[in-house]
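Would you mind keeping the following structure in view while I ask a few things?
Each chain carries a letter (A, B and C) given by its place in the written order, and its residues are counted from 1.
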Amino acid sequence: MDFFLEVLIGGLLAGVMYSLVAIGFVLIYKASGVFNFAQGAMVLFAALTFVSLGERGVPFWIAFLVTLGTMLLLALAVERLVLRPLVNRAPITLFMATLGLAYITEGAAQALWGAQVHGLDLGIEDVPLDLGGLLVSQFDLFAAGMAATLVLLLSVLFNKTRIGLSLRAVADDTLAAQAVGIRLSRIWVVVWAVAGLVALITGLLWGARLGVQFSLSLVVLKALPVLIIGGFSSVGGAIVGGLIVGASEKLAEIYAGPLIGSGIENWFPYVLAMLFLLARPTGLFGERSIDRV
Amino acid sequence: MSLSSPPLLELSHISLSFKGVKAITDISFAVARGEICALIGPNGAGKSSLLNVINGVYQAQEGQIRFDGEARRHMRPHHAAERGMARTFQNLALFKGMTVLDNVLTGRNLKRRSSWIEQALGVGRAPQEDDEQRRRAEEVIEFLNIQSWRQSLVGTLPYGLQKRVELARALAAEPTLLLLDEPMAGMNAAEKKEMSRFIVDINREFGTTVVLIEHDIGVVMGISSHVVVLDYGRKIGDGPPDAVRANPEVVAAYLGTRH
Amino acid sequence: MFYSEAGQFSTRYAADRRLFRLRRDRLGLGLLLVFAFAVVPQIGNDYWFSAILTPFLVLSLAGLGLNLLTGYAGQLSLGSAAFMAAGAFATYNFQLRIEGLPLLASFALGGVVAALLSLVFGLPSLRIKGFYLIVSTLAAQFLVPWALVKYGWFSNYNASGVISAPRLDVLGLDLSSPAGRYLLTLGIVVALAFLARNIVRSELGRNWMAVRDMDTAAAVIGIPLARTKLLAFAISGFYLGVAGALWAFTYLGTVEPHGFDLNRSFQVLFIIIIGGMGSILGNFLGAAFIVLFPLLLSNLAGLLLGGLIDPGQLENIQKMIFGALIIVFLIREPEGLARLWQQFRARLRRWPLRY
């Protein structure tokens, strides 16, 4: 029983990391209806920039701010060069454009900073902590704490500020929001920049775990089933979805792995997401929309 | 047609709501074979929803639909099409990436007998059937006077023409019941006149029963033999145009005070 | 005038339905086919056959497979490579396990297996729409290569799941030389391309486009949505399966499951974005671009910068250019190279008049 609990808790904490990537998605999807496949590439880009600056002797907070500035520039470029020319186009077109964006961002990250693996030390040791007889990774707890802080910050941003109010208006009804004078382009830059911040934090946590390397951009593939399960438009859904995926894939690997073969972590979340989709096509927290004809 | 022949379409006690909001409340009426029946009422009265219930795009929570002798709790769009209903939509629902001819041909898809393999290989029943389908499609295209745009992509045509192409696609199915959702919306007087004539011609030449939604009272009174008035999802009037025009409740709700 | 169509009226519907209505188009295509089948094998060299022409043809076929599903029927898929893998491994097993089965029959059966698999992963499309569907196709993308590695039976218990080409002979003709493999590929691809063009112009093709453009209206006019979508998945799967088998056996010779990873799926998707969605010709243009562009870029870099750029860096630059091209095409020419060709042809038809 203890072993089961340990696997479950380990999985849940790993799921927090998935949730982080998924939150970046949800922000952009809510504000601009874009399913941003480049979120993973942004994680890679941010982490690689931060680490490379650090290796060149730039202090932590300056490197952090410079990276954040870079992500802001990226957001500006995306709004100007991708979103604005593609306004009012089919969601599938926008999705494919973000595939192109992912290629550009990945290529640029590696062209600028090289392809080798960088270590990243945040000063938190990855040692198991004994919590009443259960062994829990200290690093995972830290990551969960960071995620909670981030979500708190985001909810303050969205619920207590003017920009947050306009953002919710845009998510609710884009046309009406524009009609009352909200500038769509500014909202887009803001959400993409905030998604850049989320990418940076995700990149730091994942990078400290796995090393900063190309595979970071593949976390996007983990986030997809999370989104399907939680629904595309809810931050809460992204968190719950992440926890479900994290816990279930670890449990499946441990308990079903020996029966059908190991390494099922890669596809299990997708099969799970498919089952969820068949039962609830709009995710756990999404709303069913009515087609008006 | 005699008065004793059963109606083509009969709705009994239809109620529809979205997430608890009532769109249609307990509506019953019948459409006789061969008539043009107009659904009128202010915006939001539930006219489009009712049309969507008739051919199964929406499923009503209560009530029954009897069409051409078959009673059903719910209609399904595909079943409705098979049974001989065709329709147009309020906001054009054409296949924008296809030519006018292809759009009209899709309307005839239920008339196909050959399999997709026969068609792909051009063997068996397919070539002869292709000719037949094309001939029928050309008849409709000619009837609605859109020959010159046959090979144009639908998305590039002006609005009035698109409305006509949509009617052509519905007509190509050789329906017994034609549902038209605001066929004249956004048209000028000349275009409205032309479209009214098409509708009357279809009704007379092919004997097609028509149910249409229209806001222009002049047009409605001019072409329809039966008018049903809705307000706030309820039926408040039902009868020949003159009787409906004289109904004080209808006048209050729609014709006089609010429109 | 080069492209005069004066006097070419179709007097019967059958004539109007012909695959290529204009005489010049038929003549041009005929000449192109004669050139590809008869002249190229004489003048080409092994490098061209093995490194350029064969992969170009196979990728065109893969693009065609995805285009039927995404470009015509409007169902987005990120799992093309999974169905290619299924086709390759199924073909391999048919050859291995059924004595004397003709090569072409194995290719066809491999395609059928991929078609059935594609059908299964297409089932969710009956309930979900748009990019929710990429989850189902991604599930295929991760599940299929995993199963091929995990279960040794598929690769006849090769330790790393590698399979190699069977003997390539058709009707007693040995086609294992580079030119022979090119001809085998060419024959299959041309036949399947003609079939595809017929399909997209038939009722089924119209139904696909109707579902793509507006599925509610399609249902209302009586198009059976489920059947139409599932046929798109199955036929697309067949094409991808045959393409996978050709990729494994006429192009590479040996292949492992990871040769069919997510990047391969993206490659096929890029072919149809650049070449043109909803176009048969576009797949060939897009595939030619995908095959030739990296060669061009590395030659250019070698010429201009003389080895100053290392290959890794060149790959990054290539990736960035590809990404940028995707976005540029989506913004400027969503119908891809095929549309540019059409415009060029339209001008040729009007020449020397301007309008």
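General observations
FYI, a residue touches a chain if its C-beta (ideal position, glycine included) is under 8 Å from a C-beta of that chain, and two chains touch if they have at least 3 such contacts.
What you are looking at is a predicted structure, and each value in this text was computed from that prediction instead of being measured.
Most remote chain with respect to chain B, judged by CA-atom centres, is A. The most central chain, judged by the distance from its Cα centroid to the centroid of all protein Cα atoms shown, is C. Chain B and chain C have CA centres that are 41 Å apart. Per-chain Cα centroids separate chain A from chain C by 33 Å. Averaged C-alpha coordinates put the centre of chain A at 47 Å from the centre of chain B. In chain B, 57, 89, 93 are the positions where the chain touches two or more neighbouring chains simultaneously. In chain A, the residues that touch at least two other chains are 291, 293.
Multi-chain contact residues of chain C (touching two or more other chains) are listed as 216-217. Taken together, the chain B residues at the contact with chain C in this complex read 55, 57, 77-78, 80-82, 86-87, 89, 93-98, 102, 105-107, 109-110, 112, 116, 119-122, 126-127, 130-131, 134-135, 169-170, 173.
Against chain C, the residues of chain A that register as touching in their complex are 35, 81-82, 85-86, 89, 91-93, 95-97, 99-108, 110-111, 115, 221, 224-225, 228, 260-261, 263-264, 266-267, 270-271, 273-274, 277-278, 281, 291, 293. By the touch rule above, chain C contacts chain B in their complex via residues 12-14, 16-17, 195, 198-199, 202-204, 206-207, 209-210, 212-214, 216-225, 231, 278. Note for the complex: chain C touches chain A at residues 74, 76, 124, 127-128, 130-132, 134-136, 138-139, 142-143, 146, 150-151, 216-217, 262, 266, 269, 273, 312-313, 316-320, 322-327, 330-331, 334.
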